[in-house]
């Protein structure tokens, strides 16, 4: 068992544990923290795969920026412990078994058909520079168009999170004949 | 040396956890987190495949996914705030004005 | 070939009269209506007479006007055919018809719908003449149905009277039942002979040998006979005719005695070529005729409505005519048809005169002793009664004798029943005469009847009084005809006249030689029976008027059955009408239509709605459920695709 | 060394022409966005609306201009051909009509207009890009742009709890589905080593499809099926459509769907997705049946039309189930024609619904529609026309579209699917008819105020009516375009000489 | 074999004109202000114009030729291969004329009875006319289906908007029944297109006859049934008939007239043109059960009609009975039967149209169709009673009236096909007399039972103008059927002939 594998398993264990903890925790803050743990562990996996840039972004953007936003909102809305309401039988009766079946099948396919050849540690160095070149060459259009996406997101956040107008829509407008 | 399939299985497990979270969690924010978990799972696949194919495009893809996730989270949290404003709850089971 | 006879004028003239009166009559004066209403049938009669003289040597004569139906190889055209048979009918119909028109002027004068009456009457003439003159079965069928229509309209002439309307409808529908048979007969003819033209069909039938067992011709014959049964009121379809007496009396005279009801006889005679080759059919005709004659006569005994008696007598006499046809003596049948037109027309008109005299009363028990009040009517009616009873030398004697003789030659049973019937006929006819004209007047002298609802005549009645001359005139003419009309039959003159049509058939051959004395003997028997009937009637209704009640009491149930016309109407109502109406309502309409078809459709719709409600509940509004559906769906898709992928992957 | 390389790689002028509509729309979107705080709110409805409308029209014009420059652009990531031009036209036209119809709606609902129009335009950018993108990354981003824009638009009736609920449901489920889509993209990438559709196709050409690809396809079907509201992934539709503002529903039931169908067409026919037949068959049958049956008992018109949109997605999916290439071409053009016809009639219907809804969308139940035939004859007649088209009654686009789809299906010998389809369309007639029935055959129980029709709305309606009738009576031109598109789509992708193909792993040489 | 030849160069556009003239009128009406009187007059003008235009057809028709005439064949949609192909033969021409004949009468009968939403009413009526004419003139299956479906909506709206108490139920029932059934026809049409590459009736017919359609033998029976179900519901054949009474009872008079007069004939016309024209062998092999259904329809319809308490329902069920004759005639495969079927279609259109108008006149005055509400009307409204009787007699099938000719021909044809069909069918002559005369008696004869009726007015001028042409036509058709049969006969012959040829071929093998 190489170091590589040990590291993989360690990060993997953290990630899975974090994911399960996310599900198990009833308070959203705890879930958010678990998610951060998952992300951090995944950043480790990325490093193992040589994706340095991605690993860095994962920590900075994902774990840092995005999750902070989550935590911020949780605090803002003062979200408390989750109530265990019984809202949906379907999710339990169909959804979870379906999910299990699907993931088992996919796992089986992956193990059986995706090939067992090993991926060497740092197999593909994803240095920021090479990634950057790629972004400005081949992926120029997606990269640029992403700005629109962000524009939309900002506008959306502004529109939706701002206080709704106090003036309710007017009374029904009558035909003016 | 770790076989590709290990990464894929890990990615699949994370994705499945995300799906499960969506199904069983009641708090909208947690549900949203589950979606992020699913995206993370996918990201791992991308990176693994990128290594497998020696194609950096996979990593670039992850970058884009993160950007999208960021944008989504901005919008999503805004929506959650809007819902909370009108309904005073974050329990998804109680957000059921629209049905049948 | 004779020069163009313009035969079309004969039916078209009354049609013109009907049209003019129909459209303009409402606003015209009665005089104008009468003028139109009389002129056109009169002109038709005149033209018919002209045709007789012009066509005498040129028969048979055909006249073609226009295409009517052409479909593939099948054609039916507007075309007329004139031979001795139609000539006789032509004269009878236009002649008697015209007389009755004249009579109607007096009889209907007071009626508010005077113009309508003449419209219908003229219309009837049109159809009747079309029936007679048509050169194919379909033309005949036009007339056949058309006279049915006219009959329907005239029976129901007093539209506010429910019974009249019912009677009219009944007549039409029962006739339709007969027509059903007629039509199928026609289909068979088309099917096998490809045409409905008399000449073409008969030309093909002529060479066929008579069928010894039931075959095509027999079938056709029987089906045609079904039609004839309907129109000529034979068993089992006679039931409409007594009811038809709801119509005004001239209508009864014209349509339900003299002309229309004889159409069946005419049709059978016209089809003699077929019948002669279908002995079984002929036997059927004979049996039906004989039975009807007897059966109707027995009912006639007990009827108290003067017109009903005459109606049953008509049915009975028509039975005679069919008996004649059935034994192959078509000319005898036609001969009786003609004399019957005279005397039965006369009887009805006279009865109308009686009714007119007593203010609309038709019940004979409320009459009596009228001979002093209405002598002319009595006289003419007496003549007619003698004629129908077969007492020489009146018209009925000759024709009835002819029939009985022919029947005897065919089978003595026919003859026997015929003679018994003759006896009964004589009895009930004289019963009628005696009850009406002898004894004391039982009727109320004050005016109780006739106004408004009945609408006959509308003028009040103090005493029974004689009818005006416009009514008596036709009575007299018909009385003369009833007296003398039979004389054309002496020495088989009438038959010989019809020989070109029927061939020198049975009658001719057998009336030769040795059987001559037999004929006279039989004649004597029948006359004797007729007199017996007269005497019996005299005994029962003039000299010992208390007896009939006693006899009736003695007979009990049987008497009641006869009085109630053997309950045939009730029987039909129970067996056919009621089940049909009830079944249609409860089984077909409410059952199949509503319960089975509509309900199953509605159930399907409700089912869809219920399913819809179920589908709706997938949409619980819960986000996690939705995700559950998506996840489950995704699992199915993934499983399916993997199954496919693995299956395919393994294959390659 | 890097700088020249960069310049070398910077796309040529013609590349920009090939995304000109996107650029134009974005520019106008930004203008609207920038002007929004500057303009008085009372003026903003009209002014910004007109600018947005101008943007849409400019988008149409630029599409027309773009159509003269077919080919690949931006490192083979964008393909301009009849197919993408067709969808550009369609989607931008839908946006234009929606903008037109929104003038009145915005004013009546007292909604701040700036963001709304900008979002419509930006969303349109995403959708049109989806139709021309041949790179899965780009498709994903474009899909997200269109999705996020519509998530936000769905929540625009901010005073109404149902609107934000609609937005939330749409957002969460949409992201959920996007994750599946993304997972599918990842597995495709894993299976083929590329995310460019043309290259994927080339890779797959001469070898059996790997099992991973099947899984990938399954996951992509989940994602795209969700976007087009195909059963069993249709489940969000009724709730979201009911809560969202009516013009937005008109928009999002047509334009993003058209874009998603464009992507699905590319995925199914260009990649020649393996194992799709039964999935599409079942999805088509289920969508038609569930949509129609679900709609039978609905009383809210918006919700009813939502179910109907599921059913219509089913009809469109029928045309997807073609297998051989000659049938494919008919199938593709049938999909494209149906999408256009559906857009015309459904946008029209929602325009009318939005007008009738009045302030706060108060009047949206069948009961409220009683007697409208009398109180508002023109609108009622217009709505009737759209409903007839949705039923599939002749002289309307809906009729011909359905006819064309089923004729394509029968051509491919999909007899049972056709029978299910035609029976469904007959059942479906019932609930559309119910709306017509209440409008014309019932008398109003309470007096519902009906607004005067504004000019913008009138124009929007005229365009919809015209389009519906044009597609029904003279479908020839549109059909020709659709058929040409099908040919283009099916033609084997050849690298564009103008922008030389680069190997996907070009940068790996550094390694 | 191929009857499609253009023989009249002078009038290639006449069919287009006739078909769309009412539509032009409808469009004109939409832009007119709501002034009822003008709207009525314009509708009348356009419907009359259409009628006179349509008279061009029989006047210039070449009766000796059996193929389609006045053909126009323009490409409409290139792919799918759809043509604007119109043409009439002796069969469809008369149905066109029947439609154009009845529509002005419908306008007249609605003159007074429609006071609400007049504009909409006449627009719908004129649109309906266009669609109906289109059905009969189309020779392209797509075009046919186009018009076929297009008739649904105006009719459903006429029933649903202008009808009586249960109008909504009736309209929806009508719509759903016919809609669902016609989808089967759509499927069959699409199959044909998929396998022949054309929608052209003539081309498809010839291809089928030559046996060049792939997979045809396997599918023929299903295709036949697909067409047949659509037509059978429209006719309506037992047991698909239950929509008809409801639709009729609730429909406004003009709606009933066109429904019974023309719409039902779409079904029988379809059977004649498509079931027989395209699938002669299947038609023949299916004939026994179809004829049985037709017979059941004849007798069943009549019996149920007899016991109806509602006049309009009675007439509606009588339509079921009469249309049974048509189907019986069509599937008798005889020249007589088919000629008769055609003639019954026309005759029924005229006489039942008349009956419905008369029933409508009654409803106009008393707002009820219940027979027991009436009685003794003959003495109050003599003109009305007479007109009614006239039409009743036509419907009963009195010789010299239109009803007889058709029934006689049909029955003799059916008798030829199998005697029992003719015999059972012929009982129809009894039943029709039963239910119509009974109804007539209850309404018109006897004393006036309901005093309200005493104040009923007799027929008005417009009502006479609407009903009397029907009456006159009933008589003319009965006296001179040759005018119609002359054109029908060759067309029917041509329809039957391929069958005969094909049979001889089969026998020859």
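Going by the order they are written in, the chains are A, B, C, D and E; count residues from 1 in each one.
The criterion applied here is as follows: a contact is a pair of C-beta atoms (placed from the backbone, for glycine too) under 8 Å apart; a residue touches a chain by one contact, two chains touch by 3 or more.
Bear in mind the structure is a predicted one, so any value in this text is a computation, not a measurement.
In terms of the stated touch criterion, the partners common to chain B and chain D are A, C, listed by label. Of all chains shown, the one whose average CA position lies nearest the global CA mean is E. Each chain gets a centre from the mean of its Cα atoms; the one farthest from the centre of chain D is C.
Summarising the inter-chain contacts, the pair of chains with the most C-beta pairs in contact is A-B.
Averaging C-alpha coordinates per chain and comparing to chain E, the farthest chain turns out to be A.
Centroid to centroid, with C-alpha atoms defining each point, chain A and chain D lie 27 Å apart. Averaged Cα coordinates give chain B a centre that lies 64 Å from the centre of chain E. Chain D and chain E have Cα centroids lying 43 Å from one another.
Averaging C-alpha coordinates per chain places the centre of chain B 95 Å away from that of chain C. Chain contacts: chain C has residues 616, 619-624, 627-634, 636, 638, 642, 645-646, 649 touching two or more partner chains. Along chain A, residues 87-88, 91-92, 95-96, 99, 102, 105-106, 109-110, 113-114, 124, 130, 134, 138-139, 142, 146, 149, 152-153, 156, 158-160, 164 each make contact with two or more other chains.
Annotation for chain B: residues touching 2 or more other chains are 8, 15, 18-19, 22-24, 26, 31-32, 48, 50, 52, 54-57, 60, 64, 68, 71-72, 75, 79-80, 82, 85, 92-93, 95-99. The touch graph of these protein chains has some other shape, matching none of line, ring, star or complete. Which chains touch which is summed up as A-B, A-C, A-D, B-C, B-D, C-D, C-E, D-E.
Put simply, chain A touches chain C in their complex at residues 87-99, 101-102, 105-106, 109, 113. If you check the complex, the residues on chain C that touch chain A are 620, 622, 624-625, 627-636, 638-639, 642, 645-646, 649. Within the complex formed with chain B, the residues of chain D that make contact are 137, 140-141, 144, 148, 151-152, 155, 158, 160-162, 164-169, 171-172, 175-176, 179, 182-183, 185-187, 189-190, 193-195, 238-240, 242-243, 504-505, 507-508, 511.
Looking at the complex, you find that chain D touches chain E at residues 373-374, 377, 388, 391-395, 399, 403-404, 406-407, 409-411, 413, 415, 418-419, 422-423, 425-427, 429-430, 433-434, 436-437, 440-442, 475-476, 479-480, 483.
In the complex of the two chains, the chain E residues touching chain D come out as 76-80, 117, 120, 142, 145-147, 149-150, 152-153, 156-157, 160-161, 167-168, 171-172, 175-176, 179-180, 183-184, 186-187, 190-191, 193-194.
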